[in-house]
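Chain naming follows the written order as A, B, C and D, and within any one chain the residues start at number 1.
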């Protein structure tokens, strides 16, 4: 398998993790290690970066090991997201982390569902691309918006499988498939990374089997009963799903000797 | 994690493979190795064991490495299945393979769907248990039959996720869940192994996440476009699914701040 | 559309109802009327037929309007079920209801799940057929058992969509499709009636769209918040599903101009 | 049940039909009648309105019976859609059809998938609302866009269940549920009408059971093998689904005596 390329970055691991919701920094550190990730995403809003005891999350990450992917979580309009993206660039430049050059853009509609707002997401993407950012953009599974975000210059489009933290996995594989068909047309290496909704290992494997290039997840590890075990599971699920995709699965049939793949499914009502 | 116990046998790997449908013996050997399996199942009917060139499949397996699980594939009634189970015992005794003591019982209804016949399956199980066999019994996902098969003395019940070779994965997780609830009541280590129907890696992970103790598969590797890659995928999918099960996944919710798990699902129509 | 034939009986309505769990007999009567059913099933075990006030359920049904389908609910082995089938025959003969000639056989595995026991179900079917009963037999969606039950002489096989009262609808359409393929081979009018599991109207429509000949349900009406409205819904869902089946639905495609039906589904992992 | 209100319009039937793809006008007329619809939608682009023989579709519709809902199908940007909406208004004014006051806005991304473009859809909605149109707006199931479209003044938001003509039904009920939660908050009668993707009767019933206020469909009738039968099916499916929604369905459980609704589903992995 070839490595994953996202803009100017190259990685062996196709699993991106988050740093939120862990019971403590020690557990976070160990979970990240077990996940095998090379990229971890960090919210740069002050109230998320600095905890109630004044500790800075970045001090608890091995910056020589991970490329930090700053994100704009907690931003609910384009202006706010753009401002925090710039702030992140300064922050990571000062730390000399390669993550200074990219950003995971989150422009959310509201706090209740944390679903992305399509209009401000596109607006912020256009602006940040202009400013030279490598934008990885979190979005819904709306196909035409995904297409527009790529056209706007995003180095990766990151559709949600289901709402952030919902644990429902990929609810609409049909949309993800069409997104893949469109974004990879004449550009097969363009990275589509499922971001949000993953609940467990099979969700990750399934995302990879659809042909996605990677998965970003956080809650499913951090809020599992045993995050360490789940980090381990996610590592192997990513690898399993990727290899299964490359291996070319057998077709689905009603039974093995059925004359055509899933004939039963299609001629259901006759 | 503790090892998998099936009757008197103990294994580290929870993936059982089959030996049918490979393009050639070399590919079979290498695929088995990459899958990490410790058990592989072999059909003992003559027409399956000896190929058209007179070569015996068993000569192409590293018998010091694998425990052979003989199966009665191709048998369509209890008598025939019992006869072939006895034959298998002789065969493996002569080879001094520990697999002499157990058998995967398949009593199929017909050649078209390869679905198991419940009546003869139960009859053959009762007889083989009487004869001292450690019986692992292939069955549908019928809950009450699974219960009866355990009561009849089977050391493992092996429900189908979907028809053999269909690649549809686990079509009825509700049945598998009830089977697990029943067969593991006051006997948590009783092994329930999904046998048949697996199409790709996420199917395996999902089976393990339900709490199954292992997965047996054959076509999904042997008939994949690239069996070696798929064998690799299946190895990690088994591990990923098992670890995810033990880790305790997050609940499914309509969105993360929804007040109860999957409330939307339940109160759907109001 | 032609009428539904089950053994020697002929009906216009393809919806069979039950008589259990209603808050009171008045509600039951009215719900049955709104459902448009011509057949309603009655448990003949004494504790179910006679309520705590000594009232006989049959006195609250318009016997000139409905064909009573006696059932053996509450019987957990073949002997008990056979005894109650005979008892039902006497009972309905005395009432001069045509239902004296048939019986819905239920041989359940236990009280917790109310799932059918395959072995005793087959045994009781064989005996009751010998005694001249027209047997409609409740069973799981196990294909080979369904085949055996038809071969044993049942005038209708009634697979469960999901456990009785679970409201989950048809969990394994693949099994129902194969049952239909087998039981209707060279016998297209052989009636397969989904019995159990229906939760709401779309479940009924879906069952009919698969090609089933009818649906039997009880809890989904009796335990709905508003049974009268739900009875009405079930009537039209049965009709809608049947007509949709006969109409021949459009194929499923990833999008309308996709070159083949559901190509995306099949070549998912490439 | 109360009637459906959409802007200033009131209807008894909750099924909206389309007029495209019929083999001939006679079949169209008869199908519409059997569907029981009171609203039918007509594409106002010249190449769709006038057939190759120069015949105007509107001459073949009973304008005294149906409220025509003009639509902008075939428009791929806001300007074009706005222009055709204005054109439609003139056309229907001249015909004295009440449909002159409203429009179903379609702003599509491309011809291949016919998926809606979110940006131009919002832009055109804003403009048409300013011009006094009652806008019913076709959109994807993106929740935040649906919210914005309502805020922009659309009298109805019409999310796609799946791509136009795909016959896949509602692929992401979770999204539709959240859209309903948001758009009906403090405004329970705001009409959400599923538009696109319906394949068969159970899809319609399911949409209504989710709490949608209506369904718009075209291909599933026009391209069925027997459109007349399917029109009939769709009529009753709409009614069945609506009544089932109002009736309040039973909860889903693993089996009837399980202690909580779908407990098995939630605690799946433990």
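The definition used in the following text is that a contact is a pair of C-beta atoms (placed from the backbone, for glycine too) under 8 Å apart; a residue touches a chain by one contact, two chains touch by 3 or more.
Just so it is clear, the model here is predicted, and its values are computed rather than measured.
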item	value
Chain pair with the higher count of C-beta pairs in contact (A-D, C-D)	C-D
Centre distance in Å when subunit A and subunit C are each reduced to the mean of their C-alpha atoms	46
Centre-of-Cα separation between subunit D and subunit A, whole angstrom	33
Subunit B, residues touching no fewer than two other chains	113, 115, 163, 166, 168, 174, 178, 200, 209, 225, 244, 247-249, 251-252, 254-255, 269
Contact graph of the chains (line, ring, star, complete, other)	complete
Residue numbers on subunit B that touch subunit D, as the complex places them	173-174, 177-178, 209-211, 244-245, 247-249, 251-252, 254-255, 261-262, 264-266, 268-270
Subunit B residues within the subunit C interface of the complex	109-110, 113, 115-119, 122, 140-145, 147-148, 162-163, 166, 168, 171-172, 174-175, 178, 200, 225, 269
Parts of subunit A lying in touch with subunit B, wherever the complex brings them together	111-115, 163-168, 199-206, 209, 219-220, 223-230, 232-237, 239-244, 246-258
